[in-house]
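Presented sequentially are two complexes of subunit A, the first with subunit B as partner and the second with subunit C.
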Partner chain A sequence: MRPEQGRPTRGGTDRESDGADAAGEVIPIHTGADVSRVRRVATAAMATIGASKIETTRMVTAASELARNTLEHGGGGEMRIAIVGRMSKRKVEMTFIDQGPGIPDIHRALTDGYSTGGGLGLGLSGAKRLCKEFEIKSAPGEGTIVKVASWTERP
Partner chain B sequence: MTHYLEPSRIPIFQIGDCLLLTIQVDLEDRMIMTLKDDLAERIAKSHAKGVLIDISALDVVDSFIGRMLANISAIARILDASTVIVGMRPAVAITLVELGMSLQGVRTALDVDRGMELIRRDTSEEAGRLHEA
Partner chain C sequence: MPDSSGSNLPGLLSRYQDRILTDWIAAQSDVGVLRADLMREAEIRRQSRSFLTHLIAATKNGLNFDIESDQWQDVRDMLTEVTNYRVDHGFTPTETATFIMALKQPIFECLRDQFKDDPNTLVNEAWSATVLLDKLGLYTNDIYLRGREDIIQRQQQEMLELSTPVVQLWDRIVALPLIGTLDSSRAQIVMENLLEAVVESKAEIVIIDITGVPTVDTLVAQHLLKTAAAAKLMGAECVISGIRPQIAQTIVHLGVELPQVATKADLQSAFAHALKRTGVTFSSR
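Up next is the complex of A and B:
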């Protein structure tokens, strides 16, 4: 897993660009202040796609949980954020990448209350519940990639 | 690159025997750790009976901040003060529950007035009990 060699996310079906705001942004995560920055960037992206207040709160909360995981368990890393899709189908996609120790048992890590960091163990499982799309890739010694996406349904 | 030399502190006001603080910024982890310490000191020094924390300006409460709010309540309780969290936004409440946090042991009220009322009731009940004893 070598994220520096290119985008770790595989191209989705609607990855083609949709103007300037579809350009991805990379936010390094190495301090608590970076976790705050991740929240601000996620909030701005959700505003750009016109997401509802509750959907924005869910996504930004998930971003906060995942960024803290990257910092505390992954030993730091980065978040890549992009707006993908067109028009009313636009969504915000965030990918958290670290090259930390990785997760030996993903199934267990996704269980509420399972924690190795002295927290409540709600980070991963909570983020999964809060986002519409959730994907995780990890193996011992190979770091962790978590990709989430969310949007607001439009009538 | 911005450098954060000293985390800014959240001001704590005192009204009667109640401490009041408003969280108005995106909370950085270090800031709430500082707040926890500051508040414990202030409770002990001021003999405050109540702590009112207004979070109406917070648009995100993640599990870390939630845990800190619960810790602050627990510390205050041990120092003989009751804590009420006021002004939580509806979207924050929904998200906290979906996240799996029910903030057990943390008392909440919709606004500052109702929060004050809860604390006042607590204090007078306690005074009543002491009077009976």
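Up next is the complex of A and C:
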């Protein structure tokens, strides 16, 4: 097993955030118990938008991976969660922010099996596959921001 | 007479001790923290008198506002006892802190009588009394929180021990139903319990049932893999059961592979698999 690098990189990709400010909640991430709390909050938010069991499990698992990255690679930080959009277009947006060392090579960090922390090296790339939207910004010395979003498809 | 620290408070406290005590108990009643419904009046009186006595003893060599210093040891012990007593009897932390802060009123009244012609001293002494009693009142809050934290830690510890039973299902078959979050400290306990069970029951098949684990992320998967690998080293085969559809999908998307571990959707299938592997057959009569 190779170590896991889970840190998204700032300065890398991505559009500006669009409206994660609507009725958001901020969860500090400084201990393992905070990672559990992130999972609970994510579960509750997915229930609020009426997401399916599968969507919920995927999003909560991604949240778990990203929160642990924030804790272990970013040296702690926070998660902002918000429900954006209206009616059937509602989605849950989560943003993980840390002021840690940042990720020098985002592309590599997103490669399966690449890890710097002794994990499976699947956390960050796995989270990307589990969410419908995934953005990462990071640069060495500038911390990391990962923003993900998910929703449930309805006919 | 001002003492070495220049304060008149210590002298005033011991001189008017009886009056202050009587007025203080009345003040507790006025602000509604004299809860005769929760605590007998004799006990309230005893606690109040005891606190006042300790306060006088702690200040008799001069006012020292550092309530963490040795001089305040007896008062701190007394406050700890009072706070714990009150928590046990259903007082809120605010009521306990207010019990101490209600002492301001009788002290202010004594100061007013004593220094009615000297407003400067009056204000200074009132300020000293306020600072001191606020600190002592807030100290009871700290004790309350510390007590709560102890309880939480104890419960966490108890949950860790309670939540990882190893169940013998059949000769040489054990199961370990996991419920809740599998973090690193719990995974460690799970592995220890399981490996001990392998030795004790000479188990050949170990079923880890994750029906009750809500989220299987890469860390949980890694713990499961390590546990399975350790069991294998001891000659036991590991079966993971209780993989619900959403968990299966999530594991696939994460890219986690479980090559050396048999997996089953539910405990029943895992048990059937285990019976087969150990050569147990049933015949109908």
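Convention: the second predicted complex is superposed on the first by the 133 of 155 C-alpha atoms of A that agree within 3 Å, B and C clash if a C-alpha of one lies under 4 Å from a C-alpha of the other, contacts with A are read in each partner's own complex, and residues count from 1 in each chain.
Everything that follows uses one rule, which is that a residue touches a chain if its C-beta (ideal position, glycine included) is under 8 Å from a C-beta of that chain, and two chains touch if they have at least 3 such contacts.
For clarity, every value in this text was computed on a predicted model and none was experimentally measured.
K.L.:
For the combined arrangement obtained by superposing on subunit A, do subunit B and subunit C clash, or do they fit?
P.N.:
clash
K.L.:
So, does A:V38 touch the first partner subunit B, the second partner subunit C, both, or neither?
P.N.:
After superposing on A, A:V38 lies clear of both subunit B and subunit C.
K.L.:
In the superposed arrangement, does A:I49 touch subunit B (first), subunit C (second), both or neither?
P.N.:
Neither partner.
K.L.:
Is there a shared patch on subunit A that both subunit B and subunit C touch, and which residues make it up?
P.N.:
Shared contact residues on subunit A: 32, 35-36, 39, 43, 53-54, 56-58, 60-61, 64-65, 68, 112, 119-120, 122-123, 125-126, 129-130.
K.L.:
Within the complex, which stretch of subunit B touches subunit A?
P.N.:
Listed in rising order, the residues of subunit B that touch subunit A are 2, 4, 26-30, 59-64, 67, 89-92, 94-95, 98-101.
K.L.:
Please name which positions on subunit A make contact with subunit B in the complex.
P.N.:
31-33, 35-36, 39-40, 43, 53-54, 56-58, 60-61, 64-65, 68, 112, 119-120, 122-123, 125-126, 129-130
K.L.:
Per the contact definition, I'd like the list of subunit C residues that touch subunit A in the complex.
P.N.:
Within the complex, subunit C touches subunit A at residues 181, 183-184, 214-219, 221-222, 245-247, 249-250, 253-256.
K.L.:
Quick check: in the complex, which residue numbers of subunit A touch subunit C?
P.N.:
Contacts found on subunit A: 1, 4, 32, 35-36, 39, 43, 53-54, 56-58, 60-61, 64-65, 68, 112, 119-120, 122-123, 125-126, 129-130.
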